[in-house]
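Next, two complexes with chain A in common: one pairs it with chain B, the other with chain C.
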Partner chain A sequence: MSWQRIGAVFRKELRHIMRDPRSLGLALVQPLVMLLLFGSALSLDVDRISTLVYDADQTSASRELIRQFKGSRYFEVEGAVDSTKAVERGIDRNRILVGLVVPRDYAKHVAAGQTADFQILLDGSDSNTASIALSYVNALVQDYGNKLRASALSRHAGRSLPLPIDFQVRIWYNSSLESKNFVVPGLVAVILVVIAGMLASLTIAREWEMGTMEQLLSTPVRPSELVLAKMLGFFTVGAVDTVIAVLVGIFVFDVPFRGNVGLLALTSCLFLCGVFFWGILVSALAKTQLVAYQVGVATTFLPSFLLSGFIYSIDSMPKVVQAITHVVPARYFVTILRGIFLKGVGPEVLWGNILLLTCFMVAVFFLATWRLSQKLA
Partner chain B sequence: MWERIAQIVRKEFIQLLRDRRRRLAVFIPPVLQLMVFGYAVNLDVDNIRIGWMDLDNTPASRNLLAGFQGSPRYHIIALPANEQEAENLLDSGDAHAVLRVLPGFAKDLERGRPAGVQLLVDGTNSNTASLISGYSQQIVAAFATPVVRKQQQNMLLTLATSGNTAGTSMKAPRLNVDTRVWFNADLLSRNYFVPGVIVNIIMLVTVMLTAMAVVRERELGTMEQLMVTPIRPFEFILGKTLPAAFIGLIDMSMVVAGALLVFKVPFRGNPLVLLTCVILFLFTTLGAGLLMSTISNTQQQAMMTSFMFATPAFMLSGFAFPIRNMPVAVQYLTYLNPLRYFMEIVRSLFLKGAGVEVLWHQMLAMLIFGVTMLTLSTSRFRKRLD
Partner chain C sequence: MTNGGAWAVEIDELVKKFGDFTAVDHVSIRIRVGEVFGFLGPNGAGKSTVIRILCGLLRPTSGHATVHGYDVSTHPEEIRRNIGYMSQKFSLYDDLTVSQNIDFFSGIYGVAKKRRPERKQYVLRMADLEERSDTITRLLPGGWKQRLALGCAILHEPPILFLDEPTSGVDPIARRAFWDLIYDLSEAGQTIFVTTHYMDEAEYCHRLALINGGRIIAAGTPASLKEELSSRTLLQLDSSDVLESMRALENEPEVDDVAVFGGGLHITVQNAERASFRIRAALAANNIEIRRLERILPSMEDVFVALIEAQADTEAARTESAGSVQ
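The block that comes next holds the complex of A and B.
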C-alpha cells in the first residue's frame, strides 16, 4: 500500500467534490435542515389530547370529574356537547381523540357509595397515541377514584385510609420524558447514513457510468488504495456534517451530553468509514446511478431509519427481524450515541457495540476491495 | 396525436422493463414497505424486561412480583442485589426498568401505612418509557385493590367494636370507566401503518420515475433527437407521465391487496373514493416529478433533489409522527404537504369508513395541489424545451 498513491487519488477526490458546489452544498446544508426540522417536529409525546365532553348528569359531582380532565396537562377539553351522538361525530371527523360521557345518574351513584360508571370513547386508529392516552385516562381515574373514596370514608368514619401503596416512578436519563432527547441522537446517525451512503454510492456510480472508474483502475493504484482514498475524500465532508449535527443537537435542542467527546469522535469515525465503504461497494455492484440510488436507499436509509431502534424499539420486533438488525451498523451507532449523550456511559458498557461497528467497517472494506479487484480482472 | 403519445409510452415501458434491476426497482419497494410496516416494526410495547430488586423479601412483596410475572408483557430478567447492579442493568440497556420494593413493604401494608415501591425506568426511549410506567401503574393498582378492601373491613371492625355508631356505613364510591376503543379495537400499530404505505409508495415510485424518464434523455443527449421528431411538448409530457401513473396504480393495487389479504387490515370505506383520491394524488406527484426534471441536469441531481423534498414530505405527513404533536408553526407548514391530506384520506377510508361528506376538504386540497403542480410544471417544462 502506498501512501503517495492514496494521497494523489485523495487530492483528486477533494477537487472533484469542491468542483460540484451544488452537491457539496446539499451534502452540508441538507443535514442541518433535516436535523432542525425533524428534531423539532418529530415527537411522539402525547399531550394536549383533544377531548370532547358530554355531561348528561349536570351535577357538581360530574363537573368535578370533568374538572379533573381539564386540570390535567395531558387533556385539552375542546368543549361540551349535548349528546353521545355529537361526541361520536367528533371522533368520526378527526376532530377529537377522546370523548368523555358522564351518564345521568353518576352523582347519585357516587353519593350512595356505589360503583359510578362513566364512559371513555377513544379513537384507536393511531394505536400508539391511543395506548398512551388510555394509560393517562387510567391513571387519572385511579387517582381521582382514590380521592373520592378517601373523602367519603373520612365523612363516614371520621378518618380516612391512606393509599396502601406509594408507587413512585423515577425516569432516568431523560427525566422529563421528552422525545426530542430520544429522537435527536438517533437522528444524527440516520442523517449521517443518508448523506454518507447516498453521496458515496451516487458519485462513484456516476464514475462507473462515465467510464472514469475503469481509467482509474488501469493506473498503478491498487483497489484497496482506491477504496481508501475515495473514502477519505468523502470522509472530510462527513466529518464536517457530524460536527454540525452534534453541535446543533447540544446547543439548539438542549439534548444533554453526559459522556466523553473523544469516544464520540472515535465511534463517529468508525461509523462514517463503514458507511462510506458501503457506499463504494454498492456503487461497484450497481454500476448505474438509478440502481445505485435504489440500492442505496434500500440498504442504508431504510434500515437505519426502521431497524436501528431509532424510533421503533428493536424489542418489539419479531425474532427474525431482530436477528436482521444485527447487520445494520446504525443499530450499534444509535445505541452508542444514546449511551454517550443521555446515559453518559463509556467503553465499559459500550465495548460490544464499538467492536461490532469496527467489524462491520473492516468487513465492508475488504468486500469493496475484493469487488474492485474482480472488476480489474 | 394519440399515436405519437402511444409510441412514447411504449418506448418508456420497454426501457423500464428491459433491465431486470430496473424492473425490481419498481416492484420491490411496495413489497418491502408492506413487509416492514405490516410485520417488522411497530410502536407497541409488549416485551418489557425488568429487574426485580426486592429489599423486603416477604410473602407480600412476592405477591406483587407474581402480579408482574402474571402479565405476558413483563419478563423478569435479573434480580439485582444492590444499587450498583440495578444501575448497571439500566446503563447497559439490558433492562427497561428496575422495580424496587423498599424495605418494610409488608409491615407498612399490614399497618395501613403507605408501602413504598419504586420503579426506575430507562427514559432514553420516551415513548416506551411512558407506556411502561402506565402499564406498571395498572398492575400495582390491581395489587392494591384487595388490600384496600381488607383494610376497610378491618376499619369497620374496629369502629364496630369500639362502640362507635353501629350504623356507620363504610360504603365508598368506586369509579368505573368503561373504555370503548373505536376503529382499531385491538390497538394494533399495523392497522395504522399499512394503509399509509400506499401514500409512501405512490410518491416514491411516481415522482422518481417521471423525473428520471426526462433527465435520463437529457443526460444521454437523446433529448435533442426526440425534439427533432414531430412530437409536441404536450404529447411528450403525457408520454412520459402516463407510464409512471400506470406503475403507481399497479403498486397501489399490490399494497391494497397485501393489506387486505395478508395483514387483514379492515377496509371500511368506498373503493371508488380511494381510486378518485389516488388519481388526484397522482396529478401532484407527476407534476412534482416533471418540475424536478426541469431543475436538474443529471440523474444524480434529480435524485438528490427529489430525496431532499421526499424525506421532509414523508416525515411531515403524519405517517409515523402525529401532526398534532408538532410545534404549531410546523403544523401550519404541513398544510403545504400534499401527502398530509392523502394520508388522512387513506387512513379514514380504511379504518373509519368515512365518506366524501367528511373527506371533501382533503380532496379539494389535493385537487388544488394537483392542478397547480401540473400547470406550473408543464409551463416550466415547455419553456425549458424551447
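The block that comes next holds the complex of A and C.
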C-alpha cells in the first residue's frame, strides 16, 4: 500500500465530486428530504381516530360514556348523528374509522346494575389500523366499566372502595410510545445506505466507460489502493450526511439521544465504509453505469428498508427471511443506532453488532479488490 | 532483476486467444533500447492486443514476453513502474483541469514530491499547455488532449513508452507535431513502441513490424521493407477516368498489377519504358486522357498492400494443396 497513490486517487475523487454539483447537491439534500418526509409521514402511530356518535339514549349516562371517548387523545369525535344509517354512511365514505352507537335503554341497564350494551362499528379495510383502534376501544371500555363498577359498589358500601387490582404500566426507552423515536434513528441507517448506493455504484463503471480504468490499471496503482481511496472520497460526503441526519433527528424530531457520541461516530464510520465498499463492488461487477446504478439502488435501499428491522420486526419474519437479514448490514446498524439513541447502551451490549458490521466491511473490501484484479484477464 | 541486455522488449511466440478467435498468432519481436518501433496494421490486426499484453492488461494464452527485463506474466507490478501507456481511447479525466490531471498521474506514478513541480513544468511546456493549465480537459482541442495524454504517460520518466494509435483522429499538422515529440523522447533515450494504421507514420519509425490477422508478415527498417519491393517497378497514373483506365489495362501483358491509390492508379510493371509506351497506346485507344504517368518509388502503403496480397496468396495456395491431398 502506498499512501502517496491512495492520496492521489482520493484527491481526484474529491475533485470529481466537487466538479459535479448535481450529484453533490443530491447527496447532501436527499438525506434531508428523506428524513423530513419519512420522519413525519412514516408515522406508525394511530391516534385522533375520527369517530362519529349516534346517541339514541340521550341520557346523562350515555353522555358520560361519550365523554370518555371525547376525553381520550386517541379518539376525535367528529360529531353526532341521529341514526345508525348515518354512522354507516360515514364509514362507507371514509369520513370516519369508528362509529359509536348507544342504544335507547343504555341508562336503564346501567342504573339496574345489568350489563349495558352499546355498539362499535369499525372500518376494517385497513386491518392494522382497525385492530389498533379496537384495542384502544377495549382499553377505554374496560377502564370505564371498572370505574362504573367501583362507584356502584361504593354506593352500596357507603364508602369508597379501592379497585381490587390497580396495574400501572411503565414503558422504558420510548415512554410516550411515539413511533418517530423508533423510526428516525433507523432512518439514519437507511439514508446512508441509499447515498452509498447512489454515489459509489457509479464510480468504477464510469471509469470503464470513459476508458480511464485501463489507463489506471497500466499504472502502479493497486486494486486495493483504488478501492480504499475511492471509498475515502465518498466517505467525506457520507460523514457530512451522517452529521446532518443525526442533528435533524435530535433537534427537529426531538428524538432522545442517551448514548455516547464517540460510539455513534465510530459505528457510523464502520457502517459507511461497509456500504461504500459495497457500492464499489457493485460498480466493479457491472458493465455499464446504468446497470450499476440500478443494481446499486436495488441492493441497498430495498433490503435496508424491508429487512433491517427498520419498520418490520425481524422476529416476526419467516425463518428463511430472518436468515437473509443477517447479510443486510443495515440490520446491525439499526440495532446499534436504536441502542445508542434510545437506550443509551454501549459496547458492552452492542459488541456483537459492531463485530458483525466490521466483518461485513472487511469482507466487502476484499471482494471488491478481488473483483477489480479479476478485470485483468 | 534489471534490464542488463540491449532489448527493451522481447516477445517470443506470443499467442492470445479470445474464445475461438486468435487475436495474436505466434508473434515474436525484439525491440532495442532507445528505438522507435512501429507496429503497423489495419484495424483489428492485433496491434492493441499485443500492447495490452505488454502493459500487463491482458494475460497471454501462451508464449513469453519481457518488458524492461521483467516477464509480463510474473512481474506485472515491476513493469507498470517502468512503462508509460497511452491507450487508443483518450483516457484522462475530462472533468479535471490540465494541471489536476498532471498532479493525479504524478501521484499514482509515484513521482517524488520534490521532482513534481519540475516534471509538471516540463510536461506543460512539452505539450504547449502552459497557458492552459487551469482549463478543464474536456474543453481542449483533440491534438492538445493527445499531447497532454502523452505528457501524463511520461511524468515518471519511464524507460519504455507504449503508444497505441496516439494520433488517431488528430489533424495532420498536430500529428506531425506529435511525432516531433516522439523523436525528442527517443533522443533522450526512451524506447517507444507505437502502433498506427497511418502508413506515412510508419516511415518515421526506426524499425517496424507489419501485422495482419494476428501474424507478423514483415519486419525491418522502412528502407529494407521497401527494398523487398524494389525489384518491381511502379508507375503512377493520373487519368481522366480511373475505373475505365483500370479496365483498359487489365489484360495488358506489360502490366503485372493495377491498384487504386487515392485519385489515381499504381501500376506494377517489369520495364518502365516499354510499359509506358503500351499504357499510353491502350488509354489513347479508349479515349482516356493521361494527366500524369511516371515512375515512382514504392511507399509504405504499397509495401503493405503487396505483402498482404502475398500473404493471402500463400494462404490460398496452402488451403488448396491441403484440399488436393484429401
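In this text, the second predicted complex is superposed on the first by the 371 of 377 C-alpha atoms of A that agree within 3 Å, B and C clash if a C-alpha of one lies under 4 Å from a C-alpha of the other, contacts with A are read in each partner's own complex, and residues count from 1 in each chain.
The rule is simple: a contact is a pair of C-beta atoms (placed from the backbone, for glycine too) under 8 Å apart; a residue touches a chain by one contact, two chains touch by 3 or more.
Quantities reported herein were computed from a predicted structural model and do not represent experimental measurements.
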Legend entry - Side-by-side fit of chain B and chain C on chain A, or clash: fit
Inset, instruction - For A:Gly7, select first, second, both or neither according to whether it touches chain B, chain C, the two together, or no partner. - result: second
Legend entry - Per-residue contact with chain A, leading partner among chain C and chain B: B
Inset, instruction - Once the structures are superposed on A, label A:Ser135 by its partner contacts, choosing first (chain B), second (chain C), both or neither. - result: first
Inset, instruction - Would you sort A:Ile66 into first (chain B), second (chain C), both or neither based on which partner it touches? - result: neither
Legend entry - Geometry of the superposed three-chain model: angle at chain A (Cα centres of chain B and chain C, steps of 10 degrees): 100
Inset, instruction - Please indicate which partner A:Ile340 is in contact with in the superposed arrangement: first for chain B, second for chain C, both, or neither. - result: neither
Legend entry - Distance in angstrom between the closest Cα atoms of chain C and chain B, superposition on A: 14
Legend entry - chain C contact footprint on chain A (complex, rising order): 2, 4-5, 7-9, 11-12, 15-16, 19-20, 210-212, 214-222, 376-377
Inset, instruction - Could you pull out which chain B residues touch chain A in their complex? - result: 21-22, 25, 28-29, 32, 36, 39-47, 49, 88, 90-93, 96, 109, 112-131, 133-138, 140-141, 143-144, 147-148, 151-152, 155, 159, 164, 168-185, 187-189, 191-192, 212, 216, 298-301, 303-304, 307-308, 311-312, 315-316, 320-322, 324-327, 330, 344, 347-348, 351-352, 354, 358
Legend entry - chain C to chain A touching residues, read off their complex: 52, 55-59, 76-77, 80-81, 83, 85, 87, 89-96, 100, 103-110
Inset, instruction - Using the touch definition up top, name the residues of chain A that touch chain B in the complex. - result: 22-23, 26, 30, 34, 37-38, 40-46, 48, 50, 91-94, 109-132, 134-139, 141-142, 144-145, 148-149, 152-153, 156-157, 161-175, 177-179, 181-182, 194, 198, 202-203, 206, 286, 288-291, 293-294, 297-298, 302, 306-307, 311-313, 315-318, 321, 335, 338-339, 342-343, 345, 349
